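Naming follows writing order (A, B, C and D), and every chain is counted from residue 1.
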Amino acid sequence: MAAALVLRGAAGSLLGRGRRQGAGQAGLAAACSRSMASKTPVGFIGLGNMGNPMAKNLIKHGYPLVIYDVFPEACKDFKDSEQVVASPADVAERADRIITMLPTSHNALEVYTGPKGILKRVKKGSLLIDSSTIDPAVSKELAKEVEKMGAVFMDSPVSGGVGAARAGNLTFMVGGLEREFAAARELLECMGSNVVYCGGVGTGQAAKICNNMLLAISMIGTAEAMNLGIRLGLDPKLLAKILNMSSGRCWSSDTYNPVPGVMDGVPSANNYQGGFGTVLMAKDLGLAQDSATSTKSPILLGGMSHQIYRMMCAKGYARKDFSSVFQFLREEENL
Amino acid sequence: MAAALVLRGAAGSLLGRGRRQGAGQAGLAAACSRSMASKTPVGFIGLGNMGNPMAKNLIKHGYPLVIYDVFPEACKDFKDSEQVVASPADVAERADRIITMLPTSHNALEVYTGPKGILKRVKKGSLLIDSSTIDPAVSKELAKEVEKMGAVFMDSPVSGGVGAARAGNLTFMVGGLEREFAAARELLECMGSNVVYCGGVGTGQAAKICNNMLLAISMIGTAEAMNLGIRLGLDPKLLAKILNMSSGRCWSSDTYNPVPGVMDGVPSANNYQGGFGTVLMAKDLGLAQDSATSTKSPILLGGMSHQIYRMMCAKGYARKDFSSVFQFLREEENL
Amino acid sequence: MAAALVLRGAAGSLLGRGRRQGAGQAGLAAACSRSMASKTPVGFIGLGNMGNPMAKNLIKHGYPLVIYDVFPEACKDFKDSEQVVASPADVAERADRIITMLPTSHNALEVYTGPKGILKRVKKGSLLIDSSTIDPAVSKELAKEVEKMGAVFMDSPVSGGVGAARAGNLTFMVGGLEREFAAARELLECMGSNVVYCGGVGTGQAAKICNNMLLAISMIGTAEAMNLGIRLGLDPKLLAKILNMSSGRCWSSDTYNPVPGVMDGVPSANNYQGGFGTVLMAKDLGLAQDSATSTKSPILLGGMSHQIYRMMCAKGYARKDFSSVFQFLREEENL
Amino acid sequence: MAAALVLRGAAGSLLGRGRRQGAGQAGLAAACSRSMASKTPVGFIGLGNMGNPMAKNLIKHGYPLVIYDVFPEACKDFKDSEQVVASPADVAERADRIITMLPTSHNALEVYTGPKGILKRVKKGSLLIDSSTIDPAVSKELAKEVEKMGAVFMDSPVSGGVGAARAGNLTFMVGGLEREFAAARELLECMGSNVVYCGGVGTGQAAKICNNMLLAISMIGTAEAMNLGIRLGLDPKLLAKILNMSSGRCWSSDTYNPVPGVMDGVPSANNYQGGFGTVLMAKDLGLAQDSATSTKSPILLGGMSHQIYRMMCAKGYARKDFSSVFQFLREEENL
């Protein structure tokens, strides 16, 4: 969901890093092909919907890969050219830079610290970059274990969906030692157009979680305000226009409006197909909730938003875009 | 609070009406002075903090006024040049265009339908413009009574505070018969830089209420997200930057950030002095709640935001800017 | 819904008034028939589902009635024996004790203060008892108007549904002048088994609203706790038993448990048929919300409960018993 | 807080087990002293405010103890008569029945699975009873590890505070293999008057969490309803009476009313001193939130209650009884 998570237009002007990278893409590619012979293999673990196109972008930039996925079929695409191995430990034996892209905290723990995990055979000085979206507390825990082995861990969750992964314009939010950031960026820029350094380990996850929580809140707020206005007799397009020139303006009102008929090219114009699924938003809000509980941070609207997306999942909205909360609120009485 | 309620920069490009009006301001002023002699008196009822400077802007544009306020001292400023009368009915006897600016629905009912109210002596064809922020259902009720007398009613609440009222750049959101809008705009443009037609009677109120509800929600959401991020180790300025280039972006994060030290020139940079008071936000959310209850519109986050601002009023935040919700959430345990 | 709103067993021991009344029912009936000849007519306005059986219980106790309903058919049952008149004003002309039982605040205002309303011809000293469930602020307004005419107004909403109305064991919560309470009780005891004096005008409504708000909150809470426990592996009956011997105990857990299979003879045992409809609970919560907004009382859970019942109405639960919130929460993902 | 968590009066009639146990207390004590000579040592880990009096009740019933606490001073009281050892592993070496009473999930993990933890030297067939209040998911994890060593794990959190711990009338909610329940009960009945079997491992925690979540919800609901009623003109005592004879009745309204002046002998009568601290309620709600998030159970009011108690901790209520939410809501505007 490229559109859903980052405003490309704005990005360049705000983060010079993004713009420079964009401008230098062609030059970089050239440099890559020149130095290809000397490039050492990169490990990649987790070749699902997101991991698969990410890995292919690394190959395009000239990196030989050592890959592993718990489901062997996930590696089929790669069999001819790349080394497919039998465990995360095997990856760690053959590559000193590894990227992991896994669905849950539990999977990440298994891949790093499990009996056949990376840490069983990681080399000193290796760079381990986890692009999974998981609990920042788990990221910190992993970092501690990795450090014990003399290696380096960075969390680097992404914004942008499968489309952005294919196009190579994901955003990466990176947490870890600042002195290692350049090394991480070298790889991440093959897969993304924005690579943002956020601070110490776990801050990449934290930034993503905070953004998505605020996104969920303002999307529900936009849906409530639009629905109330319509019931009070306002034309939806006119109301959106007024909000967008006023203090109610937000990404959910001006770029991704949830009301059918207000904007083109967004999920609300297409029966809420595509975009960022409600079930994924519910997952991210669960992580926000966990982080808030453990840091004792009050999140009154964030917690309520989590419950609303949870309810929606139970009511048949799991696979629809998260802007379908407008539809969820709107359903008329006496169905 | 001009800054707090409307983004001036964006306004012109979004609402052509606003831009044309802005460009034509000089021309309009010229036209005004030419026709001044022929200008008929305009009634103005309610000369408080907002009404006072609004009335003065009408005078500047050459309109003689007939004024009334329930507190006689409120009319002192005007005594020399304008007619001060003893009741709303007296205003209606001497002016066929009347603007009212009152604090509550109750006051509006009294001024229009009370025993000495406007309707006791309103002339046929009069134009009555209510700029109070009140329940849209009350606006509709008033319109019905006004119509019975052969006159015309429009609701026209404002965005922008005392500063904008003085500078003459309020935003008016106008509901009523479209064919009367030009007549209303002639007067309103003397006091504001944006005059937006919203639809039938009550839609002006509806637009304002919906905007402010969404504003409240996204402000609290921004405060929660910033606070959570800080507790998770993120630098506040960096977090704001990331949100503002991402899908969490909103007016509260990019123009009026509630965290001290992130932006200059906003209430959070000045101990939450100035701006839009928490008690006023609580009032507007009460109107949103009433409208939602009567139209049976679900406002889960809007209702919760109402309660949060209500709690803040009870905890000493009534006079602080509404962005102080960040401070409210942040107060540490074990005070 | 007798069972749903008052615990009969407990009532006697807590409110002596209730018990004495119950014990003396036979004696009272005897007294009634003795003095029947001298009984003066009682007015009754609003003969819907509730008003119809209430009026009939007055007749059983020997009171001749003067009746009116906006829908003439509602008076058919009564035509032979009672006077059916053409307006509330006509009722007021012929009876100096009047009971009103109306669906909304709006209807109550019309019946009392409308162009053919009671107040057009009310006699001095008349006793006007409103058993509608409406906004306490409206009750107070009506009382003021009634008082101006030299008559007496009391609000007296009921607990208990159509069954209790038929059986004559409603609960009345009465607000008004204490010295007039005995006169009101004489009539109300013909229709109910508990007549509770609550204080000045509006406190009857206030008591009902507060009870039903707390009921809504604890019902949703019970549904959430039972659902969470079941998902964590607890047997529902055992969990209910544990809650009911512990501090989680409430009427919703021990008398009206929302989980099918836990109790017999409650709506959850009958697919949520019967009982107290979700749409009625949503109405009462709307009144609670209005009262809380106007008195600036924070109701965080009460407001949220209002929104939840509002959502349920929009999702097909309007006619089901309000304990169906368990079902609403429980629906599984991936329907 | 004996009173706060279990209604003693009701308990006996609902759970035969409780009553029988109560009745047989004297007989049991006799049996205990007879068999004392043959009693084997029991391990006890965690001798804080709760653990200390619990351990002493075991001694009173004739059990020799092997004790450990991470703070050596916590064992001083016991030095003469009992064996104080240097680690959980040492306890496991000398006792085949062990009770643990620890503040957090983290501590429990350390004590069981840490480098000097119980599992390092636990004997086959040992019975390990954890009375800590922790995440049921952690209980299940511990049970799995314990089972691998051929031993038995039961979770057995308590209701009732320090007073109940001293008096030996705690309530234990026990999860684990049913065939081992009798063995656990033998020990637990030395410390409590109710020992309730809840089902498989984790259900003891689940029952406690669900009860306390419902308690929090109904306490806040009671506080909101009482506060709203008072603002609407009702006398607090009368309102409590009405609620308690109606469907709003709950433990928080009839046994532990949060409004000062309504009841004697409860924290609200004593400036919210004593009772069950707000910070402890916030902790339990955090566990409820975690369990709900991981089982994807919607807890709209439970989640909101968590946030409210979290806010209260940040506003100076951490050490007050959790019924002080009434005071928190009530604080007047314009302090």
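Definition applied: contacts are C-beta pairs under 8 Å (C-beta built on N, C-alpha and C of every residue); 3 or more make two chains touch, one makes a residue touch a chain.
If you want to know which protein each chain is, UniProt gives these names: A, B, C, D = 3-hydroxyisobutyrate dehydrogenase.
Note that the coordinates shown come from a computational prediction; the quantities given were computed from them, not determined experimentally.
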Pair joined by more contacting C-beta pairs (B-C or A-C): B-C
Same-interface partner of B-D, chosen from the options C-D, A-D or A-C, over half of the pairs matching: A-C
Whole-Å gap separating chain B and chain C, where each centre is the average of the chain's CA atoms: 40
Separation of chain A from chain C, taking each centre as the mean of its C-alpha atoms, in whole Å: 53
Interface hub residues of chain D, defined as touching at least two other chains: 296-300, 304, 311, 313-314, 329, 333
Chain D contact footprint on chain B (complex, rising order): 279, 304, 311, 313-316, 318, 329-335
Chain D to chain A touching residues, read off their complex: 282, 286, 289-290, 293-294, 296-300, 303-304, 306-307, 310-311, 313-314
Residues of chain B defined as touching chain A within the complex: 4-7, 10-11, 14-15, 18, 136, 159, 171, 173, 194, 196, 198-200, 202-203, 205-207, 209-215, 217-218, 220-222, 224-229, 231-235, 238-239, 241-253, 255-256, 288, 291-292, 295-302, 304-305, 308, 329, 333
